[in-house]
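Encoded as structure tokens, the structure appears first; notes follow it.
We just call them A, B, C, D, E and F in the order they show up, numbering each chain from 1.
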Amino acid sequence: MDDEAIKKRTKETADRLFGKGVKMDPPYLMWREFDRGLANDLSKFITGNLYSRTVLTLPERQMAACAMLAALRAGDELRLHVNAALNVGCDPTKLAEIFFQVATYAGMPAVNEALGVFRDVLKERGEWPIK
Amino acid sequence: MDDEAIKKRTKETADRLFGKGVKMDPPYLMWREFDRGLANDLSKFITGNLYSRTVLTLPERQMAACAMLAALRAGDELRLHVNAALNVGCDPTKLAEIFFQVATYAGMPAVNEALGVFRDVLKERGEWPIK
Amino acid sequence: MDDEAIKKRTKETADRLFGKGVKMDPPYLMWREFDRGLANDLSKFITGNLYSRTVLTLPERQMAACAMLAALRAGDELRLHVNAALNVGCDPTKLAEIFFQVATYAGMPAVNEALGVFRDVLKERGEWPIK
Amino acid sequence: MDDEAIKKRTKETADRLFGKGVKMDPPYLMWREFDRGLANDLSKFITGNLYSRTVLTLPERQMAACAMLAALRAGDELRLHVNAALNVGCDPTKLAEIFFQVATYAGMPAVNEALGVFRDVLKERGEWPIK
Amino acid sequence: MDDEAIKKRTKETADRLFGKGVKMDPPYLMWREFDRGLANDLSKFITGNLYSRTVLTLPERQMAACAMLAALRAGDELRLHVNAALNVGCDPTKLAEIFFQVATYAGMPAVNEALGVFRDVLKERGEWPIK
Amino acid sequence: MDDEAIKKRTKETADRLFGKGVKMDPPYLMWREFDRGLANDLSKFITGNLYSRTVLTLPERQMAACAMLAALRAGDELRLHVNAALNVGCDPTKLAEIFFQVATYAGMPAVNEALGVFRDVLKERGEWPIK
């Protein structure tokens, strides 16, 4: 794929994931403050390449991303991706269920951090409590 | 739910997940060697209660479990659950895609460990290479 | 054991652990906001079943819990459990010693986070400095 | 304390912890192959200083060490310390209980790794099954 | 080396690392509030012994320390050591590059946390943006 | 940069890092068995893009990579990169020093795993003991 096509796809995928919901500074802006060229390469690789593959639908990909970030107790990143998950139509009840399931593999500290982040994001989106 | 019903559901869910594919000693047998009562309680809680909830389908649950275990670099447990994922009908191409996506959140050591475990399990099941 | 007995034991153990000292919202309240049934099952399993076993005394169990949470750098959960440890009579000097010992197994970032949490809890309880 | 006294205490504490049970190469021997001076300093600091403090008894210290190493899924180190725990008189039933309790804070992969290591060590010591 | 010489070297190395730049309470002060003797032993071992060895120059040591702390997502400790790295003359562009490289081994959550901490420290030192 | 140039640079950097010393299957071969296109994209991004940047020299980059992998206890990946570090001319005494320094940030289990991997690689290369 040529560079223009990747740039276009990066932008489209980024918009679908991060274009609405809770307002947050995407990490891309910080990367760019350190190194503009590398920021673009990272963004094109992660968003334009990996995230734009169609083997998984975007909701399937976000379910997996949220599961991983919860298990890793990466709260700031989870905040970004739980919002993206809701943006692409993931069912909030299923997301909560995954966060409870984290108990089995990563223990209760991970469950509690993930549910706390999730509740905050739902509140900021005006979608709390889950119907 | 009464105790008999939970025992029955524990057994049914365990059979669907672990009843075929690669032969492995389930951790339950080791738990029982240490403490029979606690082993039963753990099994009933995890398999009979958490894993038998229907908010997520079993394939959805296994996709999430495999994502978490790969991110946590828990190879032995992943071996068990990637086999279970295939048993309940998860698409192996989607599982591989999730393991590649681990790169973004947990780095390449986690990707490489997960793909290695997955390839071993597929070989033992006679399902390698993925069609 | 029947369900009423487990509920009773869950409540008794929870009261001993979390009934005094620093005021914190127990995770149980958040679980319940997401799923009342699952929250009760989790609570009955962790507090009423695991934590009510008598192979370890409650102080022994809390020493182990604080050791693990410090090593895992799970600060929020440690805050809850260091307070519970003091509630059930753990010696604060021994708790501090365990947090220093974390150096050997998990490094100084874990030591520093644990001691920081511990000092905060002791201050809020009016038990700082340790006599 | 003068250097001779620390050397003596290092040796005494090391003997109590690692002097019997399962035969293993202590990490100290490997450190020394890389740097003899640093190996001695590390050993004197960890074993002669930290581990020889009397705020915790050696069995209390080993219970905490085993809890941490299980939670961190550090199997090789756990093998060393679970053997040391048995050498200084820790109750094997209490050790098993701590490994089950790891479920709450670090999830089942950590429980399964710890119980597996523990069972191996007990077998090598001829102390399996636990009476 | 005699005790006076180690104390002197501990102080000299500590001054070079932490004596200027962003004002932070060094963990040593907190250790001392818990146990003065152990605080001195820890400080003499880590700063006076390990950190004063000359196999690595101080800038090389700080590059490695920052790489590890970023990979471990130990933000508070990283803040201390990124400031120390700048104090001993590490090139900020190389530090940023290391934080981007963390992507490969520990994933983007670790990258984002490290760059965020680094940017804050540079701002407080009046050295932002990097020239 | 056009695609041919990146392919060429990917190959050159890969050869310098992994072209001699201990014989190991590079993860790239496994990636390709799962997905040829994605394997090439990953390789071009990590090796051809990130690793070919010149802000850090290759030896500086490998020192940082080894520090991170040791801290993360990622032994298989460390094996690959410690060999690459020696291939690009890193001083083995400095590498050992970094692995000892891991003690401060990630504890002794990480030190012991890293030194064990390092000693194995040095032996296979016929470069043990370090002169």
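Convention: contacts are C-beta pairs under 8 Å (C-beta built on N, C-alpha and C of every residue); 3 or more make two chains touch, one makes a residue touch a chain.
Source: prediction; values computed, not measured.
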* To do: Touching both subunit D and subunit F: give me those chains, sorted by label.
  => A, B, C, E
* **Other chains in touch with both subunit B and subunit F** => A, C, D, E
* Structure fact -> With centres defined as the mean of Cα atoms, the chain at greatest distance from subunit B is chain E
* Same vs different contact residues, subunit C with subunit D, by half of numbers used -> same
* How many angstrom lie between the CA centroids of subunit A and subunit C, rounded to a whole number? -> 31
* **Separation of mean Cα positions, subunit F and subunit C [Å, integer]** => 41
* Structure fact -> Between subunit E and subunit F, the Cα-mean centres are separated in Å by 24
* Pull out every residue in subunit D that's touching 2 or more other chains. => 38, 46, 53, 69, 72, 74, 77, 100, 102-109
* **Residue numbers on subunit C that touch subunit D, as the complex places them** => 46, 50, 53, 55-56, 60-61, 63-65, 67-72, 74, 77, 93-94, 97-98, 100-106
* Note which residues of subunit E are touching subunit A in the complex, please. => 73, 96, 100, 103, 107-109, 111-113, 115-116, 119, 129-130
* Structure fact -> Within the complex, subunit A is touched by subunit F residues 38, 41, 45, 49, 53
* Would you mind writing out the residues of subunit E in touch with subunit B in their complex? => 102-110
* Structure fact -> In the complex, subunit B touches subunit D at residues 27, 30-31, 33-35, 38, 42, 46, 69, 72, 74, 76-77
